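Here is the structure we will look at.
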Amino acid sequence: MAGSTYGKLFTVTTWGESHGPAIGVVIDGCPAGLPLTEENIQQFLDRRKPGQSRFTTARSEADQAEILSGVFGGRTTGTPISVIVRNQDQRSRDYGKIKDCYRPGHADYTFDAKYGIRDYRGGGRTSGRETIGRVAAGAVASRLLKRLGIHVTAYTKAIGSISVPESEYDYDSINQNPLYMPNNEYAGKAAAYLESCVKNQDSSGGIIECIIDGMPAGIGEPVFDKLDACLAKAVMSIGAVKGVEIGDGFEAARMTGSADNDEFCMKKGTVCKKSNHSGGTLGGLSDGSRIVLRAAVKPTPSISREQKTVDIHGKETSISITGRHDPVIVPRAVVVAESMAAITVADLLLANMGAKMEYLEKIYKE
Amino acid sequence: MAGSTYGKLFTVTTWGESHGPAIGVVIDGCPAGLPLTEENIQQFLDRRKPGQSRFTTARSEADQAEILSGVFGGRTTGTPISVIVRNQDQRSRDYGKIKDCYRPGHADYTFDAKYGIRDYRGGGRTSGRETIGRVAAGAVASRLLKRLGIHVTAYTKAIGSISVPESEYDYDSINQNPLYMPNNEYAGKAAAYLESCVKNQDSSGGIIECIIDGMPAGIGEPVFDKLDACLAKAVMSIGAVKGVEIGDGFEAARMTGSADNDEFCMKKGTVCKKSNHSGGTLGGLSDGSRIVLRAAVKPTPSISREQKTVDIHGKETSISITGRHDPVIVPRAVVVAESMAAITVADLLLANMGAKMEYLEKIYKE
Amino acid sequence: MAGSTYGKLFTVTTWGESHGPAIGVVIDGCPAGLPLTEENIQQFLDRRKPGQSRFTTARSEADQAEILSGVFGGRTTGTPISVIVRNQDQRSRDYGKIKDCYRPGHADYTFDAKYGIRDYRGGGRTSGRETIGRVAAGAVASRLLKRLGIHVTAYTKAIGSISVPESEYDYDSINQNPLYMPNNEYAGKAAAYLESCVKNQDSSGGIIECIIDGMPAGIGEPVFDKLDACLAKAVMSIGAVKGVEIGDGFEAARMTGSADNDEFCMKKGTVCKKSNHSGGTLGGLSDGSRIVLRAAVKPTPSISREQKTVDIHGKETSISITGRHDPVIVPRAVVVAESMAAITVADLLLANMGAKMEYLEKIYKE
Amino acid sequence: MAGSTYGKLFTVTTWGESHGPAIGVVIDGCPAGLPLTEENIQQFLDRRKPGQSRFTTARSEADQAEILSGVFGGRTTGTPISVIVRNQDQRSRDYGKIKDCYRPGHADYTFDAKYGIRDYRGGGRTSGRETIGRVAAGAVASRLLKRLGIHVTAYTKAIGSISVPESEYDYDSINQNPLYMPNNEYAGKAAAYLESCVKNQDSSGGIIECIIDGMPAGIGEPVFDKLDACLAKAVMSIGAVKGVEIGDGFEAARMTGSADNDEFCMKKGTVCKKSNHSGGTLGGLSDGSRIVLRAAVKPTPSISREQKTVDIHGKETSISITGRHDPVIVPRAVVVAESMAAITVADLLLANMGAKMEYLEKIYKE
């Protein structure tokens, strides 16, 4: 695969550049018979749409999803689902500096190094708009999961050093503040911090947390396609993510085995764990507990402060990124992380259907 | 793929259980003409072999690699390289508790949940011995990379809370202490800490760091197969790894853009970065700087302390894991992480050969 | 992969139904720097467009290709190329019989068996319009190949029992007759035969031949991804193709080794073959000779003659397919076969770039 | 994938050269809980073993299969099944001519062109012994299919121009004659013809037919991974196969739609076809009828008659292949074709488990 297709059975192929005519995704391998409308997808896209708060770019985009195939009579047909979003804000402009200079923290230089050619308009393929396709696919995957009782939820755990401790989580708050934090008070503090970043012509990093409830035990493939390994790749493939951890994560490196191990017990006739340091996986397979994943997101690299750089001719120069940019990537990336997690789990659920003869007999012999 | 194959072009398929007759790997897609001997592979295997220090299991295994195919006259032929290692320490024993109980922190329960059957002898497929195949393949990948001027090095950054600060790194020390730490003094402290863990019938986590030097810019595929995303999956697929980060990693979440961005400059006619907060990737492609990756490893779950658990019949019970176990996984996992990184880079180097027409013309028209 | 993606490095993902809003393709892995315009794609699409002769359906479709991504300044950028073709002829109509009955020779029944739901309008995903995406991708692959001196050409070898013998081939004729036969006289006879088929409310099968000139030796992967095996799949995946052969093909089954073997000789310092019974491959790798491939295409299953069948409720009934249908599939499938062959060769050319260390050194060390 | 792995879910990775220490296969993705012994595999291997009749090479090989992993307590565990066969007949010999010359009809030249290096001993990777791995995997796949009521059978339809007409098939005869023909009388004639070939220092081609009974309808993936396309690749990837057809195959090219279409009817409440011109697939999906596939196999290229060729230094010379070689490939390839068909069907059965939500609900909600 050439890099723009994700998944083995529930496959997602995204395409499109920031300032091309459109951006889109082809979702192949979605089982037939899943109820699906454009509204289902739109709800997800609206969560990453620009212009929602004073911390997101003012670019005016409706980001209206159109389903072009794979759905008939309100249900998926098993054939590829093509979703397209027209780019509207393509007014011609002067790309001068972006065209000729390598922006620090961006992929301008590495794209030139790889391909020798680069669509510089708005970042081209490396623009955050690339995630539109992921989110549309995530909407489909999430619907599929919900019908099986699996729920994926992502939110902003931290912005800069303002981090909501787990003990103060209030999941209902997530959609009550523009930063998607599970605590409105912390969201207020984070907003104030972001205001100061903007004033300083600067930006902030943060942490996304994603939880998955209702996972049956045994999902994931041992060895290379472990559930946590796949989730790590899924989330790390989102631009600006620089780290990922599951359960106790990096904290586990400082712990002892007696503290980190989760003891087993029985609850209502089912094997359960007394704690969840593992974050819901053992040996790369889901263990029936909640999956808990965190992703570290670097600060927005586009800042108006002047930075030193070089141009495409190898001359040293400096650049300050004009125009309005989000001072933080995290809030709009929340739904992207949720989407990538949902796609990954859907893919592994399908892979798991061949785990034992009993399943094959259930489908082919009954 | 069913989970035991890794890579798209440089593919690695591992097989084997801890107490089966043998364990091995098939490496397909290695370019022809690479000098390769069994000694090259043995050197890598010896780094993960048990019995090397008082902190590694006393299981007596020669772990002798045999190349069964793909090499002729001392060079790879382009056909699959099959490497096999016979398991020697298979004396019959009483697996009683392990057979019937789910060990906390292990995959016994999840394997039963997935497959309904499990080779319980020594952990079967979930044993650390599964990594033998990875390391043999890593040895091959490393040789390939070296011929292109690319060097991968991994070491123990931290054990428990004893962490070597970057300013005190001495790379020559790595092979001078049994913990593979880049500072012998810290290694001494870590050894003392591990002794105390053993006394407490407990174990410790730690952190592996992996660096890659000599990477050309532009390696990795944008969007889903980003270099950092692939590395994250590679490393997270190693049992016991609970987190992975690149460059500033989780620290970046607390930083501002002006501090996290690496400014560009020119050095000897080449585009360079003044700093390396990014850890060597921009937009998922290598940027020509050193790749810096860290992995958090959980404590050894096998501890002799008594733990509560349930048996396969759903009855609550308790277990204490007898026999000698490493009180820390990190030192023996160092070469595994290095191997997975090398395999990943080799695979992406091959994928990158189709990046531009210029390359095709170089090979097919000259 | 879920079946709508083809290729490993040069990947083609098609989507779309006959009577949905559009049909399209995403081409990922095309090297950067290839000159490409919408006209290049249109030329290929025009060769399969309906309404070109009295033997092709009168459905009025402009089949106008629009490139939505992956091309900038007239060149490919290395990112996915999305091509879309709007369906125009979607007037509402009565699908009565097609909706409720299983047409003999069509996939109505098998789609229902597989998915339990089916877009019956115009055959939905099983319509010949699905090949639009293949042909658009074939146009791109062909351009890539041409720049490396490789030329793919397909034509109609036979319709019914009117078959052009190789000794009477005139390649210039191919584009001079609506049946794409390499001999205008035979094309005349075939046309007369097709007229008689139409009068009899019947249809005809035929044979497509595809040749590839300029192939370097050594392309293809031994064992499972042999060049001929990949071409066989490529061509057999075109609806209505029931057989495929390379070189002497089925005739070879009746031959002796002394007659079938091609002796080697030297020509201008290069290893050559004195004959080409093998059709250009040895051991699954190209041998430097012309690739010669033939595909057997069944007669158009849609005939106006009344046929017995059953409806979706399991009741026996009969059906006669009204409306105008091509009495033969071959002429419009010629460009599809050519496209699939071109895509396959492009993909294997990319795969071959990792065949030897010498190639890697050429790209990464020079 | 680098060419030595086949299948997407039920994956088969073969390795090994003719005169290396061993040859083998790794089967990954086999569902857990399938009863499997070494004897099951041995039975299949014995069908392709040399030395069974006067028409097969006298090379003395026990071809004894050893299962090294993936089976525990007589059942598959869901982890990779590694099967190894030691090469016994490796006495050192003079490879002189084979080493330096390109044998007509063999892959010596193309391997050199691709890799620049070649294990010339006994043909190395291009030897027929490569199929040992395929057959071992086919044994596993066949067992899986049998438990679901699916039966794959292959036999020799024709040798040279001696072809058994369908009307004279007697399936019981297949194992009663060394040529695996479904009619002992024809087998006698074919044996006489082969004797004459040997006398003439020549060899013969032939045709293998493979039938699959008990296929549920709807198996295969539309578009690129059609059941017939996958079977075509599977069979065409066997060395020496030059053509493949399904159902009426090439005959369909000469037919009319009214003759080629299979009308539907009801039988015991199930949708059936009155005839089976299609060979069991419609639109690339199984239609519930018997799958009927034929493969054309070229004559053994190794003949003792003198042939012109060139050596590796580009000098024209001549060669006569000494030593005993089978005068026909077909009988020993029968089990290989059967194996490849079984593997392909097993793989597509697994892929089909995600076809509809109903299946997911059956497994994850019941």
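Couple of notes before you dig in:
Think of it as A, B, C and D in the order they're written, each chain with its own count starting at 1.
Simple rule for what comes next: a contact is a pair of C-beta atoms (placed from the backbone, for glycine too) under 8 Å apart; a residue touches a chain by one contact, two chains touch by 3 or more.
Given the structure is predicted, the values throughout are model-derived calculations rather than measurements.
Taking the options B-C, B-D or A-C in turn, the interface that duplicates A-D in more than half of its contact pairs by residue number is B-C. Centroids of chain A and chain C (each the mean of its C-alpha atoms) stand 38 Å apart. Per-chain CA centroids place chain C at a distance of 26 Å from chain D. Under the contact definition stated at the top, the residues of chain A that touch 2 or more other chains are 1-5, 8-10, 14, 29, 32-33, 78-79, 114-116, 125, 216, 222, 351, 354-356, 358. In terms of which chains touch, the assembly is arranged so that all chains touch all other chains.
The touching residues of chain C, when paired with chain A in their complex, are 1-5, 8-11, 13-17, 20-24, 26, 28-29, 32-33, 66, 68-70, 72-73, 75, 77-82, 84, 114-119, 124-125. Those residues of chain A that touch chain B in the shared complex are 1-6, 8, 14, 102, 104-107, 109-111, 113-116, 125-126, 130, 158, 160-161, 197, 200-207, 216-219, 221-226, 228-230, 232-234, 236-237, 239, 242-266, 269, 271, 274, 278-279, 281-288, 296-303, 305, 307-310, 314-316, 351-352, 354-356, 358. Interface residues of chain C facing chain B in the complex, by the touch rule stated above, are 8-10, 29, 31-34, 78-79, 144, 147-149, 216, 222, 349-351, 353-365.
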